Amino acid sequence: MAARAQGWLAIAGVVAAGVVLTLVVQERYHHRVLTLVFLWAAMGLAWNIISGYAGQISFGHQVFFGIGAYVTVLLVVKTGLTPWIGMGLAVAVAVLAAVLIGLPTFRLGGIYFGLATLAYPLIFRIVMDWLGYQEVAIPMIRERPGWFMQFTEPRSFDLLALGVLAATLVLSRLIETSRLGYRLRAVKENEQAAEAMGVDAFRAKMAAYALSAVPAAVVGAVYIHAILFIVTPDAVFGLLVISQTLVVALVGGIGTLWGPLIGAAVMVPVSEVLDSTVGDRLPGIQGVVYGAALMLIMIGAPDGLYWRVHQLIRSRAARGAAASRPAIVAAGGDAAVASAPAGGVLLEVRDVSKAFIGLQALSDVGFDVHEREILGVIGPNGAGKTTLFNVLNGFLVPDRGEVRLRGERVTGLRPSALCRRGLGRTFQVVRTFPRLSVLENVMVGAFVHARAVGRARAVAVAALAQVGLEDRADDVPGGLTTLELRLMELARCLATSPRLVLLDEPLAGLSSDGVDVMIAMIRRVRGRGVTVVIIEHTMQALLRLADRLIVLDQGRRLAEGAPAEVTRNPAVIEAYLGKRWLARMGKPAC
Amino acid sequence: MVLAELVQYVATGLLVGGVYALMSIGLALIFGVMRVVNFAQGDFMMLGMYLTYFYAMSGIDPLLGAILTIPPFFVLGWLVHRGLLARVTGGGDPQRQMDAQLILTLGLSLVITNATTMILTPTPRGIRTAYATQAFALGPVLLNQARSYAFAMALVLAAAVYVFLTRTDAGRALRAAADDPEAASYQGIDVRAMHGLAFGVGIALVAAAGGLLATYYPIEPSVAGNFIVLMFVAVVLGGLGSIPGAFVGGLVIGLVQSLTLLVLPFQLQNTGVFIVFLLVLYLRPQGLFGRRARTV
Amino acid sequence: MLTISGLGVTYGGLRALTGVSLEVREGEFVTLVGPNGAGKTTLLKAISGTVTAAEGRIAYRGRDLGRMRASERAALGIAHVPEGRRVFATLSVMENLELGSYRRAARAHRAQALETVLELFPLLRARRAQLAGSLSGGEQQMLALGRGLMAQPDLLLLDEPSQGLGPRIVEQIFETIDRIRRERRLTILLVEQRVVEALELCDRGYVLETGRVVLDGGREALLADTRVQRAYLGG
């Protein structure tokens, strides 16, 4: 709680400092620099919402900047509408543009997203040229100039820009501390894991993009009135705008409020001073400085100065706290919940087939999962076990067949939808959100059903207590042991209130003590009424744990039944060790 | 519209496309082997143009000058890779690495364009040759001589690249490193050295293309920005990482650009190119010859 | 030729190997079996250099491989035929083979090696202009084997050549491996899931389970040992 209040106080402090500077600074030129610092910091913060928090690096954010500028000015010129209202309309247009651009573009993965964002400003430039708006000048209004954002007193522009910055800071902070903020960071850190934890990544990205367009449009509108006075396509949709935005946000620190503030406070004065002193003899010095800054940052401190400093401070502190933690004791009740699972059918899998290029991964796989049972899925290498989980979980759509959860057809739903319906999953290699704390990792899962941050936190704390990790809540996943990581993943999954969990090799890489702890934990999970389906290779352990086993081989269901009989089934032995082994051994040994 | 006029536009488009094709091959090679989208590709092309200009001022014909840009730019490319790109790793995450490399090369592009503006001034320069203003007549179609020679040279260089990639050990090793870096290292291929080689060749090619372009296009710092988009579109159209794809993509872009002029004025000639770009990204992101379709 | 002592490897955040020691003498055929997830592939990757060892030592011909890169180890004569074949799909069969002899020592005898390999795998000769990606699984496996042989290696590492292939092809592959073994003086380390075929070919074998060596012995001893089954199916 204290940390949260601290954040707001800090913002208030920054704004107050801004006001002080505005009053103190004397020369007209220095006011201009101050205005620019505020505006570019706000622009950097806007970019940060989509590229920092959500991790979708956009190279075309100047589209919204330009829309803000053009719409506002054109409204003044054509209809005489005051820019104070015109700005609002410009924001609406920018948000619409964000939705229209985002809809097709967020479906692109990887580098294609970045390339697509490059194209839009260029298109807008061409369109503006074509419409004949190569140069739109703001008409000088003599009566009530303030009504038209044409101030004579430079301090007024400073305050206006500071106001924009303050509003953007507030917006950023609200996002950071909201459910959306947690989900965005989860998507950024590990999109697949986020999906599996119930985060609809597409919706989250769209929300972030639309929100990021708002301050950008406002900055554009103010920039034109305060600095440029004439709108040209190149000035507002051009490369220099995005470069400046990138420099401010990247040099300062990506994914944090403070980054763009630092970046703007450092880079804008530097470049302005250079421009005014040597700009005539060395045209383009600004570009060189920005370019060099980008390169140096990418090589030396890719996440920006803020995080570099943060890291240095943290590693010094952590050196003290690295004392050994007490090993997690397998809480009693190992044999307690051997009760008969005989519940109704929870999950039905029918005739599921899936082929990839040159490989039939699954062929007509079908089985039932009963409530509160622990079902083990085994099979030799390449049998299709993980593919099966990916189908059940929504990461893959089967070519044929269907999956029903409590009678409802769920084939082809995305992972986040399945998670909301009560199907949870852990991964073979633990997929954490590396820069979130353990507690925050688990909170992402809690947000499936909890709307408010406070409620989510409570659910997360309870889940961590269930697995025995309460005192690791504030640590970063990087410092956890393999066992603790798996427990954290389990807690995160439990926080989504699942009816059924798919555990993908939860015992891999654990010591025998760790295996014991994990087994006890899984039993406890079942004891609380959750059904467990588990893929494992550590056969000795699985035999202790599972009620039933299903054997897959080369994509087909080979056998099903109690562990003892399945492992003696000749077909199963043959699948694992080969026909000749079976022949040699005669009757399989006990 | 008269057929002869259409044929003229097609012919011009192809001629110009040939040089675009050469530019794009360099970009495709770099992406294919290193997974780097080199935003500074246009800037190296622009530098190649300037070098060819200086060669021309010393009396060397630009067509030859273009070839002579290859050795120095190969070395430059290799050094840039060693000194800059190899240092940006994105901490193991391939997506972060691609983003970081794109930002790095964007920064590099800013530095090169603006430094060139500072040192050499924005005044456009041109190379005057006898053939720049003359044309071959092929029936009703007029083929500007400079563009024709440039086209021919571009084809020759592209063919040389083809031979290099298919007939030499180093070339095959490059393709192997692009195909499967881990398996390549099992064969004894030093993948990091391959990256340096790919970057060097990619930069050398685009510099040569710049030299060829300089036979009929004005030389100024802003050229870099004009062509980088065309290169990106050509490479995406052909399929990211496919070299024959980039070649075809370049030709197609030349055609699209030329044919756009049938309906739109000169300033809007890239409109058609952007439309193609968006269509490809949304309808068939893997392009014509690409293998990996990336959709979420 | 190859001595591994006390090897420990962490891979993908998990402890893949602990305290593994094994030995392969010159001219020997050693088989490593074990269930999925036992760490067999990780062990081969540690030898060929794609994965670094956290503890322990790998010595090749008396020389500690240390932090040598994969490409340097290949240059020394270690050929790794990877799991899942990993042929260069966008290159032709012929180009794949030619790349096999990329290392300097092998280049001189490329033509000779090519003849021998094509004679061993006539199917590859028939398909030499085809793109490797269009071959069937079994054909790709033969190509991968051929590519490995083109390096004229001293130590051949084979990672689960039977994976994902039908029984008839698997038989063919194992027959070919046996033939290679008999006709040349190669040292071979074979990693497999299929126990009998793999053990029948070897001189000595090791059984790996959850990152540790649990059994080792001569061919006949292991083939008769029921404990091998326990490593796979418990009990």
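A few notes on this one:
Note that the chains are named A, B and C in the order they appear, and that numbering of residues resets to 1 at the start of each chain.
Note that in this section a contact is a pair of C-beta atoms (placed from the backbone, for glycine too) under 8 Å apart; a residue touches a chain by one contact, two chains touch by 3 or more.
Because the structure is a prediction, the values reported are computed rather than measured.
Contact tally for B-C versus A-B: the pair with more C-beta pairs in contact is A-B. Comparing per-chain C-alpha centres with the mean over every protein C-alpha atom, the closest match is chain A.
Centroids of chain B and chain C (each the mean of its C-alpha atoms) stand 42 Å apart. Taking each chain's centre as the average of its CA atoms, chain A and chain B sit 35 Å apart.
Listed in rising order, the residues of chain C touching chain B in the complex are 48-50, 69-72, 74-75, 79-80, 82, 86-91, 95, 98-100, 102-103, 107, 147, 151. Contacts from chain A toward chain B in the complex involve residues 57, 59, 104-112, 114-116, 118-119, 122-123, 126, 129-130, 191, 201-202, 239, 243, 246, 250, 282-288, 290-295, 298-299, 302. Note for the complex: chain B touches chain C at residues 166, 169, 172-173, 175-176, 178-180, 182-191, 291. Against chain A, in their complex, chain C makes its touches with residues 12-16, 35-38, 136-137, 160, 163-164, 167, 193-197, 200, 210, 223, 226, 228-229, 232-235.
The touching residues of chain A, when paired with chain C in their complex, are 358-359, 380-382, 429-430, 482, 485, 505, 508-509, 511, 537-540, 542-543, 567-568, 572-573, 576-581, 584-585, 588-590.
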